[in-house]
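Read through the structures below before going on.
Two complexes come next, and they have one chain in common, chain A, joined by chain B in the first and chain C in the second.
Moving on, here comes the complex of A and B:
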């Protein structure tokens, strides 16, 4: 637990030094009006909950990709990865502490989006099923952190990590139904989309803003958490492999 | 740029001063002036060519053909699809067409905005003092340094437009729709010129390079007629957005694809070119100020 907290403190200190890490929180206030003006211009303000929710989901995924995904790689560039590996603390725990901090920070994007909608357009989107909303958000954050551990491990593999970082965001947002529900995607994409935790999470979050009852809440929550757990298992296995490879090949840091 | 700095500068000064050495026939003086101007123009092109070569070399280290097509291009196609699908969510085919065209062209702006970040690479590499000490203007170098984004942005935006349109049932009048490609190039160029202005400012606060680049293309996405017509906004916002890249160029592309007259397309393209020239002039002033102030207060060297 002490290692987790120390890792969280380290990540908070990193935020202060690197505004880029929080860049998404600066761009969220622009995504919200973009989506809302499209809905308003089409006379479909009934879709305001979709438009207000989507920037928050974008913030979560983008920070998982761009900030959490770079945690190990930045340590390697900064020359601190060797020291981290030499300490008795386990690397997966450190990564988890930092990734969890990033994910928690990314939740601010949801609050921001609601605030921008209200201040710029006078639109207050009510959360009609607050219990379901909070539970889903918690499950989504847990699953996002698990997925971010995978990103952090995978991006150490390749020197063109940034290319993949830049490339993965929209495919995942599209398959995850961040704004447009999966049902509107072409039929052949549905099975792939359903393997992405975000598609279940986004549907549930939208359902918790809609007037009707939230159907099959617990099974759907279970799927979000389950897919997130798969992320943790894969992520930790990859991290162990990354550590092993770095130690055996002598490529812990960069020359 | 001072002509008296360095060997090349002294040579150039000698060429420029040559006509004043003695009485010469007016025709010979005129010929000398033309030669000198030609030589200066050739030098400018050489600097731009080498700067562009550096940019494309950077691009080559970031992307291979495979990572550009499978990685970057798939992201581009997904991004445009993401926005075009909003039209389907709205249940309005005309919205699908509007969003698809607007967001395809927006890709050119997005990539041009990378100039803000890639300009700072020069400072990070520690070459800025050398550029400022060189007898050529740093403005020229920075103008050519990131043109790879114009080429890549034009290519990816064009692919997005021509590949996704048939998939979403958006009819493009062929072959005249192909004229959209140079128009996208023009939009990319004007966004690049705005990006140069911001790059000149961001060189002093390099931590903000990615934030500024991203906010730039998103503001353009919001106000320049990409998602909703410019007339959606209050008059003062419309007036302010007149200087934004893509606003006129995108209107020209829409006019072209809607089969409007050549006049409408050409006048929109002319206005877009004017916006580009305006931002380029501002960029020139900002880089000159950066160099002069750097010489005065010693802030040329890496300060981040």
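Moving on, here comes the complex of A and C:
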């Protein structure tokens, strides 16, 4: 627990000293007006919750890809990776502490989006099922952190992590139903989309803003957490592989 | 009770796969065996690519050997890595290895947690180390604004944060100015005084000579010799040098013909350097010079650099 907290503090201190890591939170307020204007001019202000929620989800995923995804890579280039391996602390715990902090920071994007909608358009999107909303947001954050561990482990050994980061974000946002619900996507995409935790999470978040009851909350939450758990399992296995590779070959990645 | 060396290495070999397909395999360490005693400052002296850093990485559990064993206080660096890590402080030279956007204090507090320094001791240990390394006044500044020498001192502080029994310092004075390097030597003596065992890699002969109890010469992944620095000096005492000024030309011919004189090197402004090749030849040279009325004379001990040249050969200096 102590190492986890130390890693979280390190990440917070890094944020304070490197605000560029939080750049996504500056772009979120730009997305909200775009989506809201489209909804407004289409005469579909009933879609305002979709328009307000989407930028928050985009922020969460972008920070998982770009900031969390680069945690090990940056340590590697900074020469701290090997020194970390030489300490009694476990790398997966350190990565988890840092990734969790990034994920928590990314949640600010959701608050920002709500604020922008209210301040710029006077639209206050009510959270009609606050319990479901908070639970879903928590489950989403947990699953996002797990997925971010996978990104951090994968990007460190890819030759062109930046290309992956850039090209992965759009498919994930599409398949994750960040703006458009999965149900509206072409039928062949549904099975793939349902394997992405975000698609379940985004649907649940939207449902918690809608007037009707939130159906099958617990099973759907379970799926979000379950898919997130799969992310942790894969992520930690990949981290073990990264450590093993570093120790056996003397190299961490291919770059 | 069985005596356990802080560092014990047996037939350690590390090969790296070829850089390109079909290329030759690189042998970084070739059946290296070495014991380092408790409280000893041991120098590992060799040119770049000799295998020094590879050995440091294996000892600090960061890299696995291809074959052979290495233990730290009896714990195997491969099979008991978790027991080894708290015992070791690892310091790499150069600018890398710190969170440069954070302050020195933030860096040390983070590493203290990773080394599981008891919570109550963290503040005291961090501040003590900052003061000890002369960094306290600027501990609140971002490390990226510091000079290379200051960063190097912070590396040392980081290496000491876990209060290790064994310190592995890989080129610790890289980038330090002469004053800082001298201070570093003082620190090494202090650490030895505290009972720590230090393994220092360097390609700086003077540094090894100044701080080490024993020095191991390494090249091409193989250990060549392990000796007291003064013993190494004695190996080439036959190669002692005599510097003299205002030596009359006829005397130079006499000197060249003396037994044990390898060559007479003419330096600038009438100065000469007489290189000997037999132990005891220096005394004959000095007598000859004094008899000829030459009084501006100095003998110089062979440096480790010269030792290295004699033991390793010219290849060793192409670093």
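The rule is simple: the second predicted complex is superposed on the first by the 251 of 255 C-alpha atoms of A that agree within 3 Å, B and C clash if a C-alpha of one lies under 4 Å from a C-alpha of the other, contacts with A are read in each partner's own complex, and residues count from 1 in each chain.
What we mean here is this: a residue touches a chain if its C-beta (ideal position, glycine included) is under 8 Å from a C-beta of that chain, and two chains touch if they have at least 3 such contacts.
Being a predicted model, the structure only gives us computed values, none of them experimental.
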- Query: For the three-chain model obtained by superposing on chain A, do chain B and chain C clash or fit?
  - Reply: fit
- So, does A:1 touch the first partner chain B, the second partner chain C, both, or neither? neither
- Message: Contact-wise, after the overlay, does A:169 reach chain B, chain C, both or neither (first, second, both, neither)?
- Response: first
- Task: Look at A:10 in the shared chain and tell me whether it touches chain B only, chain C only, both, or neither; answer first, second, both or neither.
- Result: second
- Message: I'd like to know which partner A:79 touches here: chain B for first, chain C for second, both or neither.
- Response: second
- Examine A:248 and indicate which partner it touches, taking first as chain B and second as chain C; both and neither are also allowed. second
- When the two structures are laid over each other on chain A, which of chain B and chain C touches more residues of chain A? B
- Message: Quick check for you: in the superposed arrangement, does A:18 touch first (chain B), second (chain C), both or neither?
- Response: both
- Query: Upon superposition of the two complexes, what minimum C-alpha distance (Å) separates chain B from chain C?
  - Reply: 10
- Item | Contacts on chain A seen with chain B and repeated with chain C across the two complexes | 18
- Query: In the complex formed with chain B, which residues of chain A make contact?
  - Reply: 18-20, 23, 26-27, 30-31, 33-35, 37-39, 41-42, 44, 47, 50, 160, 162-164, 166-171, 173-174, 178-181, 184-185
- Provide the residue numbers of chain B that touch chain A in the complex, in ascending order. 62-64, 67, 71-72, 74-75, 78-79, 81-82, 85-86, 88-92, 95, 99, 207-208, 210-211, 214-215, 218-219, 221-222, 227-229, 232
- Task: Report the residues of chain C in contact with chain A in the complex, numbered from low to high.
- Result: 16-17, 54, 57, 60-64, 82, 85-86, 88, 90, 92, 94-102, 106, 109-111, 113-116, 119, 142, 158, 162
- Please name which positions on chain A make contact with chain C in the complex. 2-3, 5-6, 9-10, 13-14, 17-18, 78-80, 82-89, 94, 246-250
